[in-house]
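In structure tokens below, several structures.
In what comes next, chain A is part of two complexes: it sits with chain B in the first one and with chain C in the second one.
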Partner chain A sequence: MRLMSLRAAGVFLAVAGLAVLSACSSSSNSGGGGGNGAITLPGGLGSVPAAATGTEKAGTITWALGPGTVPNFIFPVINSANNSVYNEQSFSWDMWRPLYWTQNGVTPELVPSMSLANPPTFSNGDKTVTITVKSAFKWSDGQPLTSKDVLFDIDMIKAAVKESPSNWPAYVPGHFPDDVVSASTPSSSTLVLSLSGPVNPSWFTDDILSYAGPTNPLPAHAWSKDSVNGPIIDFTKPANATKIYNFLMAQNKSVNTYATNPLWQIVDGPYKISAFNATTGAFTLVPNTAYGGPHAAKMSNFQGVPFTSDTAEFNAVKAGSIDIAYIPQTDVPQIPVVKRLGYNVFGMPDFGMNFVNYNFKDTTGHFNAIAGQLYFRQAMAHLEDQEGYIKAFFFGAGDPSYGPIPAYPQSPYLPANAATNPYPFSVADAVSLLKAHGWTVTPNGTDTCTSAGSGANQCGAGIPAGTKLAFNLIYNTSPSIIGQQIEDLASKAKQAGIEISLSSSNFNYMITNYNDPAAPANENKWAMEDFGGETENPYATTFGLFNTGGSTQIGDYSNPTADSLINASIASGDPSAVKKEASFLTANQPAMFQPTPDYIWAWKTSISGTPESFENLTQYYATPEFWYLTK
Partner chain B sequence: MAGQITSLEAAGTALVPEGGEIGAVQSGWRLALREFAGNKLAVIGFAIVIFFVLFSFIGPLIYHTNQIDTSLSAANEAPSASHLLGTDSNGFDQLGRIMVGGRAALEIGFFAAFIAIVIGALWGAIAGLLGGFADAVMMRVVDVFLSIPFLFVVLILAVKYGATVLSLSLVIGGFSWLFPARLVRGEVLSLRVRDFVAAARVAGAGRSRLITRHLIPNALGVVIVNVTFQVADAILAVSYVGFLGFGLHYPSVDWGDMLSNGVQYQTDGYWWLIYPVGACIVLTVMALNFIGDALRDSLDVRLRRR
Partner chain C sequence: MISYLIRRVGTSIVVVIGVSIAIFVLLHAIYPSPARDVLGLRASGTQIAAWNKQNGYDDPVIVQYARYINNLLHGNLGFSYANNQTVLALFQERLARSVYLSGVSLVLALLIAVPLGIFQAVRRNSIGDNVATSVAFVTYSMPVFFLGLILIQVFALSWPVLGFEASQSTSLLTVMGDWHDMLLPVLTLTLITVASFSRYMRSSAMDVLAQDYIKVARAKGLPERLVLLRHLLRNACLPMITLIGLSIPLLLAGNLITEYLFNYPGLGLLFFDSLGKADYPVMLAYTLIGAVFVVAGNFVADLALTAADPRIRLV
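Take a look at the complex of A and B:
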């Protein structure tokens, strides 16, 4: 799960998940059939044509890189500061694959055929994990991919977090890799991890071993050294591991040598890098002929083409000069034109959540006490016109979302109470809730608490009589749909007598300064904030985000029931734990959940491949190994 | 030709030097006004500014729109009888929105210009009158401020403290007094050696009286000309800030923010979100510059038409 800011293009700025898709056409997507075998999916926009039959041709396929999305990090052990979908799913993961692939088209689920290892087995009360690497995968220099390569990656992660917790984005103290008591490689294909406590198998497989870090096997036979010309050293010794990690990170910082450094030419994924422009971020990947996973009969070169603005990118689409490109949100009305120009178009919300954070520590005007009241958060939810946002701001290209699990794309984690809006848009309902809890409502004025106390019909503990229902909200200026939604919210709130003072900021400033754990000195400077949202992990627990003291907390939400349910999601064997967690959070509204716009992609009709390989573009994944030219 | 009578003498024409027609003596200001009124561009500019003042402040009283409650069901509607310039993405009537935005632009423009002129005139007058080391230090301060990228500072302050009509006016005005200060200082350096200043000194006038009663009033021409440019610059500055997304916020709005929102839809044919508000910015700034140019021509004796 990573922070993201909705980009003007409808692209989410940060990160990642894993993606996936199966090479075969046995998708489990519950899509319907469109014309000519095209696949339509619930909640999606447009359809994806079936793979073309006939002669497959190879060539060069160009791929649009929007502003701020060019890669700048190649080493698979990525740090938090650079942890983005643009560095991972559409760049480094094409060269070094995660141990498990968990994106099947638009669906977050394990894809065995694209995984480097067989599904892990859990034993000893879910405290022992056994991983068996597949023999089909080899390094591009011909060396076999072994269990030691997986262990090498884990030791690099340990070395990384030892230097700084921010060196590995999935790090949570006490959890992986801290909870790895011992790791052994009884055979060249088997790795056994002994953990200090039980883990939920789905969580450990989907989030730890696949997505969140992720765990990418690394070529120990070539990278386990501490200098360019130095010998291979024993990475299992912590001191050596630190030296190796520092050496590899130093190589990674040399951006202008990405295409020429021999280290980066040893890959297990479908592609190798052949060109990289350190100034623009443009890159070219060429097929790795030794790749052992599924792919098209003739793989094409994959070329990332950077654009400095969405306008420039969309102009390239209209000129037909880019093969695969995103459609900016504001250009949705132009989709018919794009189709006429010879592109297929498909959109689907990212498997993630957009939300407005409450600051549960802001004592300004007793907002901490106000935000702590469920009735207040419910009233705020009633003021959100999600259907209106989708129509007016997304041009219909998006889906409502009522809790941490979005309704679309479909997943096994959606709880029943999030399938329909538990707090439908109604200013009158919001007013009723406030009146029923001791507030004197003044439409287009400012509500006042006139019945202080913690009784059922009173304002709540910590809210003295005379308290005004007025606070500030800071929002990210990019993309504009954030501001548009917030303006509407402020307007509707005003009708209910809730006075919201708006101010704008930018993504980087917000996550640095309007973030209680990161900037405790600013706790009283913001009441609500909207920086964008987060992508979900394939196993969609909100561990880190909504548990007390979570590593990615923003507003310090804390609820014992939520803590218990979240802990069950990661430590119990209950397969429905995440659904229970999501159900509670949907009802409890730790944040204001917002609708999710479709992430829309266009690709030339002369390019074909498995439908899933185009569907997963909407989830930030690029799997060009499945694409081929038909003309 | 001595002794001969010229045709001119015969005609009774006097041989005295031609002195021109003697009329009533006009003050410099009256001459300047006449000069200004004779400048067509200035008159057009003045008319445009008056139009926008009326449009922004009186217009909403005639053309009633709801600029508080959003109406998403009416978002992005094309111009029609009910919405003469269509609606924006939040369903606000665009014509009414332009009026509200114009009010903010003019308020910020004039207030920022006022701040800039007051600070700049005083700073320049003091520096010019004191001269020497004090003058050097004060003008180096001006130089230092001029080296600071103004727009970045405005953006940073807007992000950190929020943007309101007052805060933007203070920030823009706080960075715009530098040129007036230089202009007034130059004028004062010339004025302070004039006889009337010396006479005032002899009569016992102190520095503050010299500045407020003699120097600034006599530098007023320079100041007035600069005011028009200051207003235009401030309107442009707030448009820049708004265009970058850091301008005024709901329920207020500024033209730059409106233009920024509209430009996003340029490929969708929503011209009513772009051209009208763009034209307002251009026309207002252009008109103020016309006025400024004409004022400079009319107040500067050397540039005045004969």
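Take a look at the complex of A and C:
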């Protein structure tokens, strides 16, 4: 309840907080903070203090790595098997920055000051992209960062994909890098890419050049070789590129030498690696004095401290032995204790979506036809008590979410209908929808279709009279909040006469077996499933997930309007295309969107920095270059 | 004797092969293709197929098994795609740590449980016996996790005289010397083990005390100290030998819960993590080596029993 009070207070302070944030952002560009008061963000838990003024001291800042989040991959061209926000955003990107930085505090948006290049320009009907690398950034060995370094990265991605499509996580056949018809470097700072078709500039910039892949300039002058002592070779020749890629991947597999291999010492980010423990994943990064981006006057060493469990991590917090640490979801009630121990605390859901999938192919009990009806999906949305879940199951630490773009953290692309609940919790509304479409509703029993047909007041095409509104739902047992929400949903559904048979499973089994494209033989074994959710790209198109035949489809949702809007999101010049897409999907409910729990971080009050550099912890970003000690 | 040893070794090999086949088949039945788990939700069908091909998971199970055994015979336990290291390297990094934690706890538990069990048997129903029994019941019924949490709260957080986590050093020598941080995890495991071992020891010692040869020894006027050491201890320890043999696999498994609680990356946790990541090579190697340890533990226990009790013959 105390947390709820804090959150309520946060809402009242939101406007003032946003004003402060806005001022801070404009003064520091990146993420700088400032002002005298603490910053409270809409949807956030707690607040972030303004950057402390006075003497900035350097030292060593320790940072908690939770179980399963320790780095094990250093080469920035990461493969799909090791692709994680932990390997990238919290480790690799401190050494090799993506071309464009797209996290401004909790907001997923481009941050020009932290980007290595000026915003790209698009021409020739959005088929030509011109990238100009900034002169401020240099490699740690003193060499300038050039357009060839960006081209080198693209050629490494091409070589990776050529060997196996699984070698680059963002690869979709026909898209980047397949669509790069030619690339040239007319000057040391300019790279021109000619694409085979038009791209949406926002999508290409935010997702392809910055996040999903991402595109990281690599030091061609030092890495473009195929053996440790070999000469620098021409990476633009595909055969050479393959050799270079294989050499760098082999070096990357030598985990024990991450801190000693001279290759990995050449960085353009704010940090260099100085120690790495292959057994535990512990690492120490030291400041790169040649870093050309914004940073604190005196940068501290940054130490990743691994933990085998949330319990062990939280013990470290209680012992005061860790400087920056996450608060496990189950320990939310202990936040007041953490604050008393001398920590600041802030939480916000990560930018992503949690959802329950519908299986539009499950013919059991005509569920495919039932799920295909918008009124049914709307009724299901009405049965979801998001505010109740947050209060009862999340200890108040979470935010509602109504569509593919969550209400919080707020994205520039958030459509109006996803900011407030289009289908508020109401069993009565769900019942009304069903009755209005030919169902005889039997509260606490099982509804029956009594008016078959495809008319406006009938059950819908493919649903014969006598069909019972009964189906199964499989949910992931971990984290426990999934099961709690689903059990409540089934209970509320029962009140509307919808009979949901629940069964539990685990994440691995579910995504392997209850996924139509991956396991077509099982497509009649599940009607709905809830494995959790996904973190989204800054430009949050659902391309792949909700477009017909999308490469990451789960339940085979298909809607021509959605297809058209999704295509516009990635291929049209419309800067608000993704907002239109999200608006339609919020209304159309291709899945049942669920609230998202806060990702909560605590940091010692003796550490300060720009507010955004603490806010972005909730989005899995570590930007220790902005932190300093005050004591 | 020799023929017995040959038979046991042969049987052991068959058991290990059987376990390897069972595990291989079961894993493939549950997760026919680990690609989806490894590559994640966003992996496309193209990427899934490519990864399976790259890692040989598109071959028939029998072909995969034959390749695995072939690699195994050449000392290749596989490559952990989740940890980006060879399985052998992962095991080498963690084995000594797990063996140390389990081994020290086992030895300490024996050093405490054996005399405690004898004391309880000799002083049966005394205040000391009742106190020890009560403590053993409380400790035995307490989950390791709970006991560890209590010890951490008391000795590391409320009264911070010991570390709240185990030693983080990768040097075994440093770990061994770091009693400040290692005492609580060792104590947690030891207490749980003592609770169980002391009950076995008490029961066994009571049986032996009722034997005629003990009465004869006493009737002959043998000092009580010699009765206990020479006649009671040796005979009462026979069941403990079996228990120790069965505990040998723990050296590999480490103690998952203790490692989890005390931030001690050992083999138990490696296996636990591999389950969540569908890391086939680690799961297979761990299970297979576990089977070897179980078979070896029983084998060693049988041999030790023969050495301890001449009445037992290996035939």
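The rule is simple: the second predicted complex is superposed on the first by the 596 of 631 C-alpha atoms of A that agree within 3 Å, B and C clash if a C-alpha of one lies under 4 Å from a C-alpha of the other, contacts with A are read in each partner's own complex, and residues count from 1 in each chain.
Keep this in mind: contacts are C-beta pairs under 8 Å (C-beta built on N, C-alpha and C of every residue); 3 or more make two chains touch, one makes a residue touch a chain.
Only a predicted model underlies this, so the values are computations on that prediction, with no experimental measurement involved.
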Partner chain(s) touched by A:Pro67 [first = chain B, second = chain C, both, neither]: second
Touched partner set for A:Thr121, first chain B, second chain C, both or neither: neither
Partner chain in contact with A:Ser135 - chain B first, chain C second, else both or neither: neither
In the superposition, chain B vs chain C on chain A residues touched: C
Touching partner for A:Thr561 - first (chain B), second (chain C), both, neither: neither
Which of chain B and chain C A:Phe307 touches, first, second, both or neither: second
First, second, both or neither for A:Ser182, with chain B first and chain C second: neither
Which of chain B and chain C A:Lys391 touches, first, second, both or neither: first
A:Tyr509 touches, of chain B and chain C: first, second, both or neither? both
Chain B versus chain C as contact partner of A:Ser166, first or second or both or neither: second
Residues on chain A lying within both footprints (that of chain B and that of chain C): 311, 509
Residue ranges of chain C in contact with chain A within the complex: 30-33, 35-48, 50-51, 53-54, 81-85, 89, 93-94, 149, 152, 156-157, 160, 164-165, 168, 170, 259-265, 269, 273, 276-278
Chain B-facing residues of chain A, complex: 8, 311, 314, 330-331, 333-334, 385, 388-389, 391-393, 444, 477-478, 480, 483-484, 486-488, 490-492, 494-495, 501-506, 509
Residue ranges of chain B in contact with chain A within the complex: 68-70, 72-73, 75-76, 89-91, 158-159, 162-163, 244-246, 249-251, 260-261, 264-268
Residue ranges of chain A touching chain C (in the complex, touch as defined): 67-68, 72-73, 80-83, 164-166, 169, 171-173, 252-253, 255-256, 277-280, 282, 306-309, 311-313, 315-316, 318-319, 321, 507-509, 511-512, 515, 517-518, 534, 544, 551-552, 554
